[in-house]
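The following pair of complexes shares a single chain, chain A, combined with chain B in the former and chain C in the latter.
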Partner chain A sequence: MSAMLLNKQKWTEFTGILSGKKVLAPVACGDRFRYAVPAEGKAFSLDFDRPLVPPKSAVFPQTETLYRFQLGKTELAAPQPGEELILLGVRPCDARAIKLVEKLFRWDVDDPYYLRRRELTTVVGLACLEPGLNCFCPSLGGGPASTEGLDLLMVDLGDSYYLEPLTDKGRSLMDLASGLLEEAGEEGLQKKEEAVRRAEEKIRRTVDTDGVPEILPDLWEHPLWQKTAAGCLGCGTCTYLCPTCHCFDIQDEIEGFEARRCRMWDSCMFEEYTLHTSGHNPRPTRRERTRNRINHKYSYFVRKFNVIACVGCGRCVNYCPVNIDLIETLREVKEAQ
Partner chain B sequence: MTDHSNPYLPYIATVDDTWLETVGDRCVRSFKVTLDDNSARESWSHQPGQCAMVGLLGVGESMFCISCSPTEGKFLRFSVMRAGKVTQALHQLEAGDKLTVRGPYGNSFPMEEWKGKKILTIGGGIGQAPLRPIVEYVKANISDYAGLTMIYGARTSNDLCFKGEFEEMSRCDDLSCHLTIDVEEEGWQHNVGFVPQRLLDLNPSPENTIAITCGPPIMIRFVLENLKKLGFADEQIYTTLENRMKCGFGKCGRCNAGHLYVCKDGPVFTYAVLKNVPEAFA
Partner chain C sequence: MDLDKLRKTAAEVVSRDDVKYLIGWRPGSYGYRVAPGFVEEASAAETLIFSPLCTINLATYLTLTEKLPLPRGSAPDQRKVALMVKGCDSRAVLQLLVEKGIRRDQVLLIGCPCPGVVDTALLSLKYPETESPADLKWNGDHFLLRQDGQETAIPRLSVLAEKCRLCRYPNPVISDITLGEPVEAQLTAEDSAVAEVEAMELGARAAYWEEWFSRCLRCYACRNSCPLCYCRDCVLDRLNPTWVNRAVNFSENTAFHVARAFHLVGRCIECGECERVCPANIPLGRLNRKLAREVREQYGHEPGIDPDGKPFQAGFKPDDPEEFIL
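Moving on to the complex of A and B:
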């Protein structure tokens, strides 16, 4: 199937076709959007900016049961594979992140939880035509309409959506709605390219990552880490909201005799993250933790997987309560060379 | 029956025997453990240096080195210092109680590659736990190695683990065992002094020798210094690292020292590798 157009007047019909399936879409939550199951029978739109929490939670839930058991017994019950999921309105940076993190969850030992969810999920992207102030995805190899990690890309052309199938999953979804679609043709393609080009021009911030993975290890004792960490509150917002952060904790939860071992997002910005039981902490202050966070994304991950674990979504810059700016830090790294 | 395709699902295991190695606030208790599932027990294979995730359902899991050599039999042994939530709960276990085991994890000491060499272990306190499998492995394959020298120290004689096992070593020509404690004690017949100094005094030749050290960070630092003074090359010096871990197979993210994951790339490293990793001895 080639690229198609979905007239916005048919949007409600389109969502109706999806109604038998589990859909996560951007849903207004106060003055922000988050990915959630839209309320039954309630219309939802793709008219949103950039969600606060990345949709990584669809494949890597904030808390996830590894297995259940009863106290005093030894039978372990891992959850059954979940249902198929359609993730709608994913920004290309966030889709790229899901793909990047998959490398880690496939590395050496397959992570069955992540990979199963990934398999069951159809990721429908929406090109980012109004990039935010701190967006810098092109510097990391992405773009407002980048397709990596997507099954289907949608681009808002005003009156209609441009739909570009990218995988079999994307094609099957479009097949379901084929009655509502019309050929995009050359004109549709041109309109789409023009919209994407305008979006690219709106991106103001850039990072020169050239050589950064190689420079970072040499800056181990550089004062820039102390300076960057000086204002840090250690709140972990940068990591929780980061679409490529994948570190987790494992804890047991008990309710009566029912118990589960679960994993939950963790943050390398927390003291407990690396604290040994002895009381020794190999990363005792925020300086070491900040240094690790940047090194992990921009150097360690690159050494293992040959790609920087950052997609330039700008969340860590936007939502840092003390305005620590990753882009600034990376500029200092380059200058310190 | 454990689903082997799910690396998070542990084996259920039974404590066959448990005993205290040391007493006090941070006492060390050893556990001899057997996996319940027959096929798991048969297919389990570990090498000296590897670790396993030991847990109690409803309490949690922690990573421990496997403190026995595969040459000792189809069981596992862990030596656990009572320190935090999981280890305190483990210390309550008695023979017959159940626990969970995942693993084995990490790389191992290259026992094959070391054949024909002299083995020198330098341990301090609970740091002897990952070295014990080397000692036992060499004892079981003594003709493959050019002898073993063990230097082992602790604060007091009580803090020495595996005490009952040292006497037999003194009866074998190819094995020598040098114990030391930090402060003088009544009735103590061995050396008094710190481990790094004992190493210098014994003055082992680096020729055809592999040195492996494990213990408190401060001890390791001075042992490394002294091994260099004795002429050991970086490639001849091994140690094992430990860091907080959750998964054990490179996903949870926290055990890294620089770009190396202790759970996957380690826990066994040569000094030649670690000297270039800034966080290795942090």
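Moving on to the complex of A and C:
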């Protein structure tokens, strides 16, 4: 199937076709958007900015039960994700991030939980025609209509959506709605390209990542980390809202004789991150912890997987309560060279 | 506020032998952002500002500074930390002193009488931010916004932070140097936000908090930004025993927020930082202000006002009301 157009007047019908499946879409919570199951029978729109929590949480939940067990018994019960999921309205940066995080979960062992969820999920992207103030995705190889990690890309053309299938999953989703779609044709393609070009022009902030992975190891003891850390509160906002941060902790949670082993997001900004049983902590202060955040994204991940683990979504810049600005930090890294 | 005077004073202060560094506000990297400025040299005082964008309560940094093990034979740096404080921030410092969280000779306070700061999120919703740092000034019942060469007058009440509408202490309650003239306390508004929650039926109130707490990400920005959350070993970080599970769900999140609210009873000075920093927009101010009002009305206690007072939870009077005991 080639690119098609969906008239916006048919949007409610389109969401009706999806109603038998589990759908996560951006839902307004106050003035911020979150991925959630839209209220039953209620039409939802794709008129949103950038959701607060990245959609990685759909495939890598903040808290995930790995298995349940009972004290004194040896059987384990491991839940398996089994439900198909359609992730609707995913920003191209966030889709790229899901692809990046996947590298880790495919690394030394294939992580069954993540990979199973990924397999069951259809990612439907929506191009960013109104990029945010802190968006800098082109600096990291993305773009407002980047298709990496997406099964289907939608572009808002005003009175209709342009639908471009990218994988078999995307194609089968479009097949379901084929009665509602019309050929996009050459005119549709041109309109789409024009819209994307205008969006690219709206992106203001840039980062020069050239050479950063190579410079970082030499700046290990550089005063810039102390400077960055001085204002840091040590909260997990930047890491929890980051679409590529993937550190997790594993804990047993026990209630009476029932227990479960869970995996939950962890943050290198926290004091107990990498705290050893002995009481020793290789990252004892915020200087080491802020340094770790940048190094992990822009150096360690690059060495291991040959790609920077940042997609330029700008959330960490936007939501840091004390204006620690990743773009500034990277500029300082370049200048310190 | 005369910025030249502020910078000159700051430069003098950091030049003193008994001062380690000064913590003030400096323009952030873009838009309406303001960042904490750590000034060690007199020349760096030029970057400091005081404007309606200076929402951050810098008192947090007094207890946030990490103490690293000292090299053998070296003595700890006993010099003072100079700190710029608004009215609410100064109450946090005073409360820290009353609780003996810090010592008076460890700080040098530069008081900034404050006519009220803006709700930055609200401001950027109504007047979108741009990539260049903006300048905002007090001007009577307006704020003057200068952004990309354009000047806009913004009615004060349309973007004033909620905590400032309720502020009863715009002038520093404690300071060593005071900059500018004292600000006349405005007529404080009714705390309509708290009243709104109080007016709810019990079930609706539970549903209200359930919805908000379910959205909590447990990033702990509220705890870490709080000048009075400074336990070295926080109950929430404990794993053995685990008082609050790491699992993020309504039940554990509620345990976290209730624990935090109760730890702040009679201590919260209503600077509103917890609510400002919350990425999930949880109205934590309502929770803390409700408890603060209960303590004020039931026990006549207000934290961060009386330098000779005792911490609320360390005091007892035989005629204390006890209507809440079932």
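Everything that follows uses one rule, which is that the second predicted complex is superposed on the first by the 336 of 337 C-alpha atoms of A that agree within 3 Å, B and C clash if a C-alpha of one lies under 4 Å from a C-alpha of the other, contacts with A are read in each partner's own complex, and residues count from 1 in each chain.
In this text, a residue touches a chain if its C-beta (ideal position, glycine included) is under 8 Å from a C-beta of that chain, and two chains touch if they have at least 3 such contacts.
Fair warning: this is a prediction, and the values are worked out from it, not measured in the lab.
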(request) Look at where chain B and chain C land on chain A after superposing the complexes, then choose clash or fit. (result) fit
(message) Which partner chains sit in contact with A:T237 here, chain B, chain C, both or neither? Use first/second/both/neither.
(response) second
(message) Looking at A:P217, would you say it contacts chain B, chain C, both, or neither? Reply first, second, both or neither.
(response) first
(message) Contacts for A:N323 in the overlay, against chain B (first) and chain C (second): which applies, first, second, both or neither?
(response) second
(request) Report, please, how wide the angle is at the C-alpha centre of chain A between chain B and chain C, in steps of 10 degrees. (result) 90
(request) Check the residue A:A28 against both partner chains and state whether it touches chain B (first), chain C (second), both, or neither. (result) neither
(message) Is A:Q251 touching anything from chain B or chain C once the two structures are fitted on A? First, second, both or neither.
(response) both
(message) Taking the superposition on A as described, I'd like to know which of chain B and chain C A:T285 touches: first, second, both or neither.
(response) second
(request) If you've got the overlay open, could you tell me the nearest Cα approach between chain B and chain C in whole angstrom? (result) 5
(request) Residue by residue on chain A, keep only those touching chain B in one complex and chain C in the other, then list them. (result) 249, 251
(request) Enumerate the contact residues on chain A facing chain C in the complex. (result) 29-32, 34, 52-53, 62-63, 133-134, 204-205, 227, 230-231, 233-237, 240-241, 249, 251, 253, 262, 264-265, 267, 270-272, 284-286, 317, 319, 321-325, 327-328
(message) Considering only the defined contacts, which chain B positions touch chain A in the complex?
(response) 2-3, 5-10, 12, 36, 57-62, 83-84, 87, 98, 217, 242-244, 246-247, 249-254, 256-259, 264, 278-279, 282
(message) If we count contacts the way the header does, which residues on chain C are in touch with chain A in the complex?
(response) 28-31, 33-36, 38, 56, 60-61, 64, 66, 68, 121, 125, 128-131, 215, 217-221, 223-225, 237, 239, 242, 245-249, 273, 276-277, 279-281
(request) Sort out for me which residues of chain A touch chain B in the complex. (result) 66-67, 69, 71, 74, 76, 78, 104-105, 107-113, 217, 220, 246-252, 254, 259, 261, 263, 266, 268, 273-278, 280, 282-283, 288, 292, 295-296, 299-300, 303-304
